[in-house]
Every structure is written in C-alpha cells, then in structure tokens.
Amino acid sequence: MTYGDQRTYKKVEIIGISKESIEGAINSALHKAHNSLERLSWFEVGEIRGHVGEDGTASEYQVVLKVAFQLK
Amino acid sequence: MTYGDQRTYKKVEIIGISKESIEGAINSALHKAHNSLERLSWFEVGEIRGHVGEDGTASEYQVVLKVAFQLK
Amino acid sequence: MTYGDQRTYKKVEIIGISKESIEGAINSALHKAHNSLERLSWFEVGEIRGHVGEDGTASEYQVVLKVAFQLK
Amino acid sequence: MTYGDQRTYKKVEIIGISKESIEGAINSALHKAHNSLERLSWFEVGEIRGHVGEDGTASEYQVVLKVAFQLK
Amino acid sequence: MTYGDQRTYKKVEIIGISKESIEGAINSALHKAHNSLERLSWFEVGEIRGHVGEDGTASEYQVVLKVAFQLK
Amino acid sequence: MTYGDQRTYKKVEIIGISKESIEGAINSALHKAHNSLERLSWFEVGEIRGHVGEDGTASEYQVVLKVAFQLK
Amino acid sequence: MTYGDQRTYKKVEIIGISKESIEGAINSALHKAHNSLERLSWFEVGEIRGHVGEDGTASEYQVVLKVAFQLK
Amino acid sequence: MTYGDQRTYKKVEIIGISKESIEGAINSALHKAHNSLERLSWFEVGEIRGHVGEDGTASEYQVVLKVAFQLK
Amino acid sequence: MTYGDQRTYKKVEIIGISKESIEGAINSALHKAHNSLERLSWFEVGEIRGHVGEDGTASEYQVVLKVAFQLK
Amino acid sequence: MTYGDQRTYKKVEIIGISKESIEGAINSALHKAHNSLERLSWFEVGEIRGHVGEDGTASEYQVVLKVAFQLK
Amino acid sequence: MTYGDQRTYKKVEIIGISKESIEGAINSALHKAHNSLERLSWFEVGEIRGHVGEDGTASEYQVVLKVAFQLK
Amino acid sequence: MTYGDQRTYKKVEIIGISKESIEGAINSALHKAHNSLERLSWFEVGEIRGHVGEDGTASEYQVVLKVAFQLK
C-alpha cells in the first residue's frame, strides 16, 4: 500500500461473542467477517458488553466492532 | 438461544418513515429489513427527525434505526 | 425545491409538551413555531423527558426539538 | 415546591418494556419505580431499543429511563 | 424469558478492579453485584482506566460497568 | 488504601442545589449522600443547570453529580 | 405553573463573561437575556472556557449557557 | 476588544449551502447572517452533509454552523 | 419525491481518499458508492483524517462518510 | 493580535487542584502551565471532579483543563 | 512499516490557521508540527472554527488537529 | 499522597501496540511513557482498534491511552 494512491474503504458493524475474553470476541467477529469479505484492513471497538451467568460471572463477552475493508 | 454459544451478529442502519407515529416509522423500517434479511434480532433507535407540513404539523416521522441480525 | 440552488436555513430549539404522547409534544412545538416562523422545513428530536404524576405515570411528555426553516 | 429551597434528588436508571408503544414502555418503568420509590419527580429517556418478532415487526419496545426522585 | 412479556430492569454502576486483566476487573465487579442483587442479566463496559505502578506497568485495571438486573 | 488491592466501588447519581454557588450545590449533594452512604470516595460533575429568578439572576444552581463509594 | 398544562419553551444560547467567577459569568449572561426576553425559566451550562492573563491566571471566565423561556 | 471587559455573545445555528465547496457553504451562511445580525464574531462548524446528484457526485454541500455575535 | 409517501433508506459507511482536498475525498467515496448502489440520496461527513507526508504536509485526506440511498 | 495572520497554537491537558473552589483549581493549573510555557492564550474546562473528605464535603476540587498557547 | 511490530505513537493537539481554506489550516498546523517533531504519521480533525471578518465572510479558518507521530 | 494538598497533573496521549492483547498494548504504551516521564499516576483507555491480518484475525491491538503524571 502506498499512501496517496486512490483507495476506498467500507466499514461494517459486526458483533462477536466469546465465553473467554474480549480478544476472543474480537477474533470471533473478524473470523466471520473474513469468511464473506475480502481485503479486511482494520477494526475499531465500539461497545463492550456481556451476559452475566447464574454464578455471577461473565458468561459471555459481546464486542461491537466496526470492520473496515478495501473496496475493489 | 443459549448464552455462551458462539453467535455473530451484524448491524445495518435503516431509516423508516411514517405519517402517523414514531412506532410506525420503526415498523416500516423493520418490515423493509425483514424482506431481505433473515434472523432479525433487535433494533436501536438513533435519530428521530421529521418533515413539517404546510399546516405546521409533522407530516412525516423519520426514524434512523440500527437493526441487528444473526449471521449464519 | 431544487437541490443545488442557494438556500439558507436557520434552526431554533423549541420544547413542546403534551399530556398524551411524544408525537403530541412534537406537534405542540411545531404548532407554536408555525405561528411565528414561515417556511418551516424539518425537525430533529433532541431530548425526550417528562414529569411523573402522583399516580406514578407520565403526567406530561417534554420533547426538545430543533426546528429548521428556510431564510428568505 | 419553591425554587431556591434546599432540595436533593437522586436519579436511578430503569428499563421499561411494552409490546405497544414507547409511551407504554415509559409508563411501565415509571409504574415499577413508583412501587418502591416516593416523590418521583421527572424522567429522561436515554436509549430506545426493541426486539424484532418473527413477523418482522417490533414485538416489544425497551426504553432506558433515568427517573429522578426527591430525597427526604 | 419470552420477549413481549412485561419485565422491568434496573441498571447500577459498579467499578471492579483487578491486578491481572480487564476481564478480571469485570468479573470482580459482577461478583460483588451478585452478592447483593438477584437476577443479574447483562453488563455494559463504560470506562477502562487503571493505576500505573512504580515499574511503569499497569498495577491495576479499573473498569466502570453498568450492571442490569430484573426487578421482581 | 493500597493500589492493587481488591476493591469495588459503586456510583450513584445525586442532584444538589444551592442558592449561592456551584460548590454549594456540590456540597449539598455530598452532605446528603454522606447521611446514608459510607466510605464516599470521589465525585464527578455531570450537568450544571439552574433556575432563573424574577430578577434575571440565578436563583438556584443545580448540579448533577456522580458520587462513588467503596463497597464493603 | 401546573404540570400537564400546555406550555412551550424556547432555548437560546448565550455566552456570559466575568473576571471573577463562573457564577459571575452565568449571571452576566442571564442579566443580558433578561433585558430582552420575558419569562426566563431555567439555564443549562454548556462549555466553560476562559482567557489567560499575562500573569498566568484566568483573566476572564466565559460560560456558554442555554437559557430557556416560556413562549406566550 | 480587551479581555476582561464585560461582553455578552449569542450563538445562532445557520445552515449554508454551496454547490462548490465546504468553504463556500460556510461563507453562504455567514453572508446571510451578516445581512440581519451585527457584530458577527466567530463560527463553529457542526455537521457537514450534502446531497448526491444523479451522476454520483456531491451536488451540494450543506454545512451546519453556529455563528456567534456580540450583543449590544 | 413527495413527503409523506412511504420510503425507506439505508445508510452505509464509506471512506474516500484524495490527495487534493476534503471535497475530493467525499467525491471519491460517492463515486465508488454510485458504482454499486442506486438511488443515492445524501451523505453525512463523520471523521476527517489524513496521512502526513515526508515533507510535513497532508499527503492524503481520508473522509469517513455515511451515504444514504433509497431502498426499492 | 490581528485575525487573518498566520498563527499556530498547541493545547495541553492539565489537571489543577484546589481545596477551595473550581476557580481555584483552574488557577492552580494555569499557574503551573505558566511556569513552563509561554504565550498562554485560553483554557477550556473538561471534567470537574473531586475528592470527598471524611466529613462528607468536597475536600478538594480537581479540574481537567485544556490550555492553549501560541507556538513561536 | 510492518503491522505486528512493536511501535508506540504519541498524539499532540495543534491548531492551524489559514485565510484561505480548511486544507490550508490543516497544512499550516502540520508544517509547524513538522518543524519540531519527527516521524509524523497521521492527523485527525477535531473542531473546525473560524473568525468572521467585517465584510461577513470567513476571514480565517481555525482547525483543531490531533497529530500522531511515532516515538523512537 | 494526601488529598487536599496542592498537586498538578498533566495528561499525554499515547498509542500502544501489541500482537497479543489489549492489556499488552496498554503496558507497551505505559512502558514507553515511563522511559521519558516521571511520576506516572493513572491511565484512561480511549479507543481500542487494531489491524486485521491475512488470516482474518487481529494481527495487532492498538490502544489509545491518556497517561497522567504529576508535575513537579
């Protein structure tokens, strides 16, 4: 990539979920996005949320991401 | 649905319009989203706007929604 | 109206109130604005607030609107 | 109430739900707050969200409110 | 839980702390909330902050959470 | 207090009022919180508002505070 | 004033300035607004800014207020 | 102008439009404000929006400005 | 277009880039969107960013836009 | 100073503290900035926070300021 | 530059000014930053403001930028 | 440290990067800040972003921090 060249990007908003960690939720979302979109470039974390299990711990982390990819 | 299972969601931004009410505009947007997207799950209201008619009343309500649906 | 033509708009901030509904409060504000301003064009809802009555229900809805009108 | 007199208020955050309307969800939250809190004074709407039913319409409205009440 | 049924939730704001990780701080806050509140449902991360130790590393993570629970 | 030790805090939102000054309104809110809550630690000013008297001066200052206290 | 009665308010944005204090700047703005507007009701502080004098102290406080008044 | 002197400013919100550029839209709004208001002092850009023409280019730029002027 | 008629819009988030100007970056994004989407209607500028070249000038402008188009 | 002349400013973020008042905390921050920076021009108040003493009053005010100064 | 390598960046806040254009103000700020800082990488536009001249046009554009550079 | 004593803090904005985790990126930024600044006290996480690798996972986490340190 050379700065100054004409490029266009699009951002989509994806929510990933993981029982383990925030990073797990991010990678889950990126993995899904990677299946249907090419040229993924960067992500931005929006909200971090989660569900509380019966035992009073985070039973899952939900991370709202914007994922940017280059348009052809 | 069981919390803790791996799921991924995507959010899209839709603007619904109704002459009648804010709820009407929300349902108009959801109806349209329902035509082309499966597994709609929840919505979040962003902006509420509208047009003013000649008689000085709201001639239409415009509601900007984020609609989330589960990716397969 | 033709896009591309030179127009100028001004926005004023009005608070409408209704015992009935949010839409009622919006129309109350627009009605008042319509009395003293011409060429009202659109509105944007800012805050939605209200007063709680003795019986624990919303005794009035207060909606803060920006109302835009075209300057001559 | 006389302005200038010493008063103190507290705000709590409540989420009301209604199948029918945003106003219904607001009143549901206020009703619940009214059961356990005295001297409710005003409310402020934060988020408006909801669930999408199988038929592609809003099956419930969820409204996040701050409810303020006067401390004794 | 069935969507469409009448439920009411309350959110409280708790700050959890952990020497280890952001997830540790979240679980510390949830654990404390679980001791005094029933029916915890979800959490939303607000701020992530921390203290810097003498060795120039994060000696603790402080996470400001909103924790939501269902009112009876 | 030693950083790195496990502590948990809670924040509540209080509105203090004073005829005199913003600091007066802050202290009025803290005083009230101090009556019912132990281990108050810090506060954060949210909104500063007030009422206008008949003579066109601020007849009272209303300050919305978050007050944090340590949970046992 | 009785809640539930139909009222309409307008907000204008005024910047008051004082050499002395934030409260002084607020009252300066209210005083000016009071000269040309009737039925002033409440104010909301937006920004607090100021100028730094040659001696490294605040040579003036500038407070951006929204002032609300009832429309006839 | 001397800092420290008592001055009061008011801000109004104007939307300027230009086919050419963002700066053109700003100057269009300022020009209109200048026709009816004296002692204009500064402006702050809020939103930058625009309309898309049939050829897929920006057929006009719409800039929402706050314009501040000194009250007499 | 007639206000009051039922219409639905969708917004997508596109990032346009130009070596020359902010307007150039906006038009680059709109041009790309125009290739794959019909009935583009308006745009809203989100962030304005850019890259700094070796000579200490903006070697490219990056503008994050929301582009709205009418759904059929 | 003449508007239109080429000038460049830098903003730094400083936190001032005072036992007495918000204005005291602002001046404490400005005084410190004045010791190491020349050509201080204006300040903008960000957060206002503080510590609560054992007696339930504000034992100190902490004000987060941006201080702007002209670069040579 | 290779992604994944350890790098650290710092952001500083600079205000550039130009009589001509927003881009001119951005480049003026970058030019100044370039004189004293090495390895400038990107910028983010914060506020866009300006001064209004006697003739009712923008006599200068003031752009608040964050400029990021790589630490050695 | 004793609350109530006169202290002044400064905040700087640093971006840390790690291939492993958000906490790794925070510590990378703190480590760098620790090399050139004394009396680091606390940090606040701003944005969390990252780069997407060819395999569709987060190839690095980028965390924008404000780091506060006490001025002498």
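In order of appearance the chains are A, B, C, D, E, F, G, H, I, J, K and L, and numbering begins at 1 in each one.
Keep in mind that, in the parts below, a residue touches a chain if its C-beta (ideal position, glycine included) is under 8 Å from a C-beta of that chain, and two chains touch if they have at least 3 such contacts.
Model, not experiment: these values are computed from the prediction.
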{"item": "Labels of chains that are neighbours to chain D and to chain F", "value": "E"}
{"item": "Remotest chain, chain A as reference, centres from CA atoms", "value": "G"}
{"item": "Equivalent interface to D-F, taken from A-E, D-E or C-D so that over half of the residue contact pairs match", "value": "D-E"}
{"item": "Reference chain D; chain at largest CA-centroid distance", "value": "K"}
{"item": "Self-contact between copies chain G and chain H, residue sets same or different by half", "value": "different"}
{"item": "Whole-Å separation of chain centres (CA-atom averages), chain F against chain H", "value": "38"}
{"item": "Rounded Å distance between chain K and chain L, as computed from the means of their C-alpha atoms", "value": "22"}
{"item": "Touching two or more other chains - residue numbers and ranges from chain K", "value": "12, 22, 51"}
{"item": "Interchain contacts, given as pairs of chains that touch", "value": "A-B, A-E, A-I, A-L, B-C, B-D, B-I, C-D, C-G, C-H, D-E, D-F, E-F, E-L, F-G, F-J, G-H, G-J, H-I, H-K, I-K, J-K, J-L, K-L"}
{"item": "Residue ranges of chain K in contact with chain I within the complex", "value": "22-23, 26-27, 30-31, 33-35, 40-45, 67"}
{"item": "Residues of chain H defined as touching chain C within the complex", "value": "12-19, 28-29, 32, 51, 53, 59-60, 64"}
{"item": "Contact footprint of chain F on chain J as seen in their complex", "value": "21-22, 47-52, 55-58, 61"}
{"item": "Complex contact set, residues of chain K against chain L", "value": "3-4, 6-12, 66, 68, 71"}
